[in-house]
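Following are the structures in question.
Okay, so subunit A shows up in both of these, paired with subunit B first and subunit C after.
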Partner chain A sequence: MVFLYELKKLAATPALWGFIMLCVAFNCFITITQESGAGYPNFVSSVGKTAGTTLDRSFQEMLAAFPDDADGFKAALQTETADARDVFENYDIIEIGERYIGVHNADGKIAEIFRNKYADMQTHVDSLAAADESMSLYFGGGTYYLHQSLFGDVFGRLLMESMLCASLLTLLLFGYERSHNTELTAYSSKTGRRLLLTKLSASITASIIAFGLLAIVSLGTYFTLNDFSGIWRSSVSSGFNKMHDLIAGMRPFTTWRSFTVLGYFLACTGISIGIVAAISLFSAAVGVFLRNTYVGFMIVVLFNALCVVAPIAFSGRTFIHYIFTLSPIYLWGLRIRWFTDGSADTLWKNFELLGLAASGVLFLILYLTANKHFARRDLS
Partner chain B sequence: MLALNNVTKNYGKFTALENINLEFSGGVYALLAPNGAGKTTLIKMLTTLIFPTKGEILWNGDEIVKLDASYRDSIGYLPQDFGYYKNHSPREFLLYMSAMKCMDRAAAKRRTEELIEVVGLSDVRDKKMRKFSGGMIQRVGIAQAMLNDPKILILDEPTAGLDPKERVRFRNLISSLSKDRIVILSTHIVSDIETIAGSVIMFKDHKLLTNDAPTAICGTLAGKVYETDDISAITAPYLALTEHQDGGRTITRFASERDCSNVAVSAAPNLEDVFLYVYRDEAV
Partner chain C sequence: MRILLLEMKKIWRGRILLLVALLCGLYSVLFMDFYVGHISITDHPGAETTELAGYMLDHYGATLEPDEFDEFMRLRPQFVAEANQYIAEMPVFRDAGIYNYDDIVVLSQNLERSEAEERAYWVLGMEQCNYVGYRIQAIDSIAENYTSFGTRINTMLYDEPLTASEQIRVREIVSLKEYYSVFPDIIEYTKDYFKYLAVLCVLTSLILTSPLVTLDRARKMNQLQYASATGRGILTRQLFATLISSLLLTLILFVIFGLLFTRAGTMKFLRCDINGFIGNSFTHIPITYGGYIGVLLVLSLVAAIASSALAFVFSRFSDSLVTLIFKLIPFFVAVDLVSVLLVFNRPLMIGTSNALTDFGLYAILLFIGVAVAALALRRERRVDI
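Presenting the complex of A and B:
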């Protein structure tokens, strides 16, 4: 019951709704105004529905049966897919790994972990080549733009807004009794200081609900304008999909396991929810210590700023550099590389899962420590 | 029974309360002392909001900190500066506090309606508390403290900021709620407790000064309180207590250790006299 009352406190906070509405309006505005050239991806999607997403002879035949269009979309897609080749054939990702080791001037254990990671990835690349994984449609020539647009831009905005929202609403809830001068009655009641545990579960729940609301509207708008329905079953490691960095340039989009576009989308959504929950957990720990929403929010922002700056401050020859890249804010920055090798920025395999688990454990310890301290703290 | 054994509370180097021994077994106990004497500190320890630096507080023989929720289930508390949610009605707020007190939903609804009647807020039960007067808010405060039918009712300065009519009403309410429970009432307003307190507890220099019935405490000044309309005629050392007008004359009430019956009229001491006498060196 107290859990529902805690959620009700948030639901009755106009500022929170105002923030969510602003985010929704902003996302919709950006999506609508940036929508350009969607005709071609929508055409590819319609082809995918009919011809499937595997680039084989059958696909070419079915594509050929499509009526010609004034925009030349069919001809463009025929050209792109006819030239398609298996990008994983003879793809030497170990050599890419060596370039990353070189740029960091890494040696010893760090170089060893890098090498092991890329050796493992090479094995997976070889299996992708054997399975002709890259011979998949995705959005043809529009793939890079649309992949970046969805998993980089839309997810980036959505996740950043959700993290801000999670932090704000968590700190709001943990500072609620102090700001309403109800601490003394609340903490002297039978529930007492166990209220903080209820506040934590309510905060995380509300954070995920807020993410859900933002996601439904923002992604709903995006998918209304960009039809993905025909390509969900396409492989995300399609030969048309690329990842880019300054050291290796453009290279195939290679994930640790085979993902369809839908599977990758769901996995990214799962990681996003995990990051939102982690931020809420961290904010809760700060909130227990400070019990002041606005000062707490500043601390959360400063901590995240530190996590962004720290990898720059520490050399890539040190573990501390890579430890900071596991922080939630850094994971946000690397969102376009989730489930890939992560390029030169990350040391370990599955950095997004590792980062999420490490952040979760660290923030949980921090929260439990704060809670333990609060249990014996004088309230005045 | 609620007992404090050698309880001391320090804030850094400052000692708020020192070596307090008290027992509460039933009836109304008034904590009477000037502001800053440690009344609120004691009350916050009794409500587990702060913890003793030394000593222990026992409820029926068990330490209250260890009893945790089961002890807090026995108390009702109205803080000095009672906070509430302005956008809640009394009914909503009381239902919320019932949940905080882990009460069954049906019992909470029934008790909320009962208490709204008892504290005289029936007409405004569904009105937002935003525009309530101080007295109305205090009545909501006492209602939330009574929700769980507490065995220990703790009220910290419950009449502060109330007008005289509200104070009388509040005193009567507390008196009616004091049956079969311990009521601990903190105040520095003597008239609040003169008629309703069974015991008065006073602190001085952060230590327990006295814990006795009002008549016994007043008895400590027996034969030392006088009234005169010519205070200049008093040559013995005295402490001026109060003044009042009587038929155009200013009557001064004073206390003296020496017999002044030849120049002044002896008066029966009251709690206010004791309060002013005991705390004569302190800002009240």
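Presenting the complex of A and C:
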């Protein structure tokens, strides 16, 4: 019951709804006005529905049966898919790992972890090659643009807005009693200071709901304009999909596990929810420690800024450089590489899961410490 | 006056100032240091071009007349001799079959180089050869730009969609010999640096000044204030305190980040007209580098003050600091979009901006900010609490 009352406090805050509506409007505006060039991807999706997403002989036959179109989409897709080859065959990812080690001038334990990571990835690459995983349609020649646009741009905006929202609504809830002068009444009730636990669960729940609201409208608009229905079953490691960095240039999009586009989308959504919850947990710890919510929000912002600056300040020869890349804000920055080897920026495999777990544990310890501190604080 | 000072004291709190200082430090590392470094260190042969422009400024003044150009070009044989000396001394060149600078020129036209040739080709531009390769590239580029300026302008007149007034202005740059200016091609980096400074000014002004009214309202102090002898006139003083604080903070940031910008080593060009032959950007009006920086600073100042005025209104309608932040974030994003995408994109530049739009947008922002704040004050005087 108290949990619902806490949620009601948030629901009764017009500024929160105003913020969410502005974010939704902003996302929809960007999605609608951005030059999507959706004609070709939508055609590919319609082909995927009929001909499947595996690039084999039957796919070519079914594609050939499609009526010719004035835009030349069919001819373009036929050319692209006819030229498709297994990009994982003879793909030497260990050599790419060596380049990353060279850039950081890394040695000792760091170089060893890098080498182990890329040796493991090479094994997986070989299995992908054996399974012809890259012979998958995705969006054909439009794959790179659409993959970047969905998992880079749309998820980037969505997650940043959700993180801000999570932080603010958590601080709002934790500062609510003080700002409404109900602190003494609330904490002298039967629930007492255990109220904080209810506030925490309400904050995390509300943060996830806010993420959900933002996601439903923003992604709904995106998927209305860009038809993904025919390619959900396609492999995300399609030969058309690439990842890019300054050191290795363009290279195949290689994940630790085989993902369909739908599976990858759901996995990214899961990580996003985890990051939102982690930010909410951190904000809760700050909100309990500091009674001034304004300063609290500044601390949250500064902490995240520090996590971005620290890897620049520390060389890639030190572990501390890579530890900061596991922070939620850095994970946000690396969103386009989730579930991949992470390029030169990350040291450990499955960095997004590791980062999420490490942030979760760290923030939980912070929160428990803050809670303990609060339990002894004289509120009168 | 006493109340104004007391209100300012409420704004300039130590804890917030400390956080603002930390934010400025992190922001500077993240967004601004790059541009200072880019001008002076990392961009080749840009850094060498800037260095040679400095040489021209020291030896011939702010403009380079044709006879001075001939004298300046005598540097090239010296650079080539220096390159030849490195080529003779370093084995990396011998291994690639390179024995003088002419061989490097031949190599530069050959796209299929062996590994040894590739290594030798790049070594001449590196630190161990004192960047002499880049210095030669820079002086060649300067010579090309100086001698072909007329052709470049003609191409610009025929190929680019310029308005009639822009065409007149471009011809004026030639006829008034503004293009003799030795100003290097550093406008983009300068503009980007000051664009981020403008964003920082807006951000810090909002952080510092916006809680003033909200805090009073959250503590129900406003009722006490309204019942005092000053009455609701306190709001006018609070608005002035907000605007003055924003002005002061912005000026402090100008001093700090202006001093940091001097690390780029471009301050010596302050008196040079920016429509010089080295660069590719031309302005709607004849303006020096110092004048251009001045314009960027004025735009930043206006943005910061206008934002503070509008934030004052938001703070009047917020009952807690968190709800205030909920309003400030979209507002900050909107101001940034106007600043970054429109006004600070390429202010005053021919072909990409309109001088009227540049200043008009910020004038409108300032007007809206102050007008809405004044309206809010007027409304507050009449509201029954």
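Just so it is clear, the second predicted complex is superposed on the first by the 379 of 380 C-alpha atoms of A that agree within 3 Å, B and C clash if a C-alpha of one lies under 4 Å from a C-alpha of the other, contacts with A are read in each partner's own complex, and residues count from 1 in each chain.
Here, a residue touches a chain if its C-beta (ideal position, glycine included) is under 8 Å from a C-beta of that chain, and two chains touch if they have at least 3 such contacts.
This is a predicted model, so every value here is computed, not measured.
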Combined model on subunit A where subunit B meets subunit C, clash or fit: fit
Once both complexes are placed on the shared chain, angle at subunit A toward subunit B and subunit C, C-alpha, multiple of 10 degrees: 90
First (subunit B), second (subunit C), both or neither touched by A:Leu302: second
Touching partner for A:Val2 - first (subunit B), second (subunit C), both, neither: first
Partner chain in contact with A:Leu172 - subunit B first, subunit C second, else both or neither: second
Partner chain(s) touched by A:Ala111 [first = subunit B, second = subunit C, both, neither]: neither
First (subunit B), second (subunit C), both or neither touched by A:Leu281: neither
Touched partner set for A:Leu196, first subunit B, second subunit C, both or neither: neither
Which superposed partner A:Ala15 touches (first subunit B, second subunit C, both, neither): second
Three-chain overlay, closest Cα atoms of subunit B and subunit C, distance in Å: 9
Subunit A - residues contacting subunit B, complex: 1-2, 5, 12, 177, 180-192, 194-195, 376, 378-380
Subunit A residues touching subunit C - in the complex, by the definition given at the top: 13, 15-16, 18-19, 22-23, 26, 164, 168, 171-172, 175, 179, 292-295, 297-299, 301-302, 305-306, 308-309, 312-313
For the subunit B and subunit A complex, residues of the former touching the latter: 44, 47-51, 68-69, 72-73, 75, 77, 79, 81-87, 96-97, 99-102, 105, 144, 148
Parts of subunit C lying in touch with subunit A, wherever the complex brings them together: 15-16, 19, 22-23, 26-27, 29-30, 207, 211, 218, 318-327, 329-330, 333
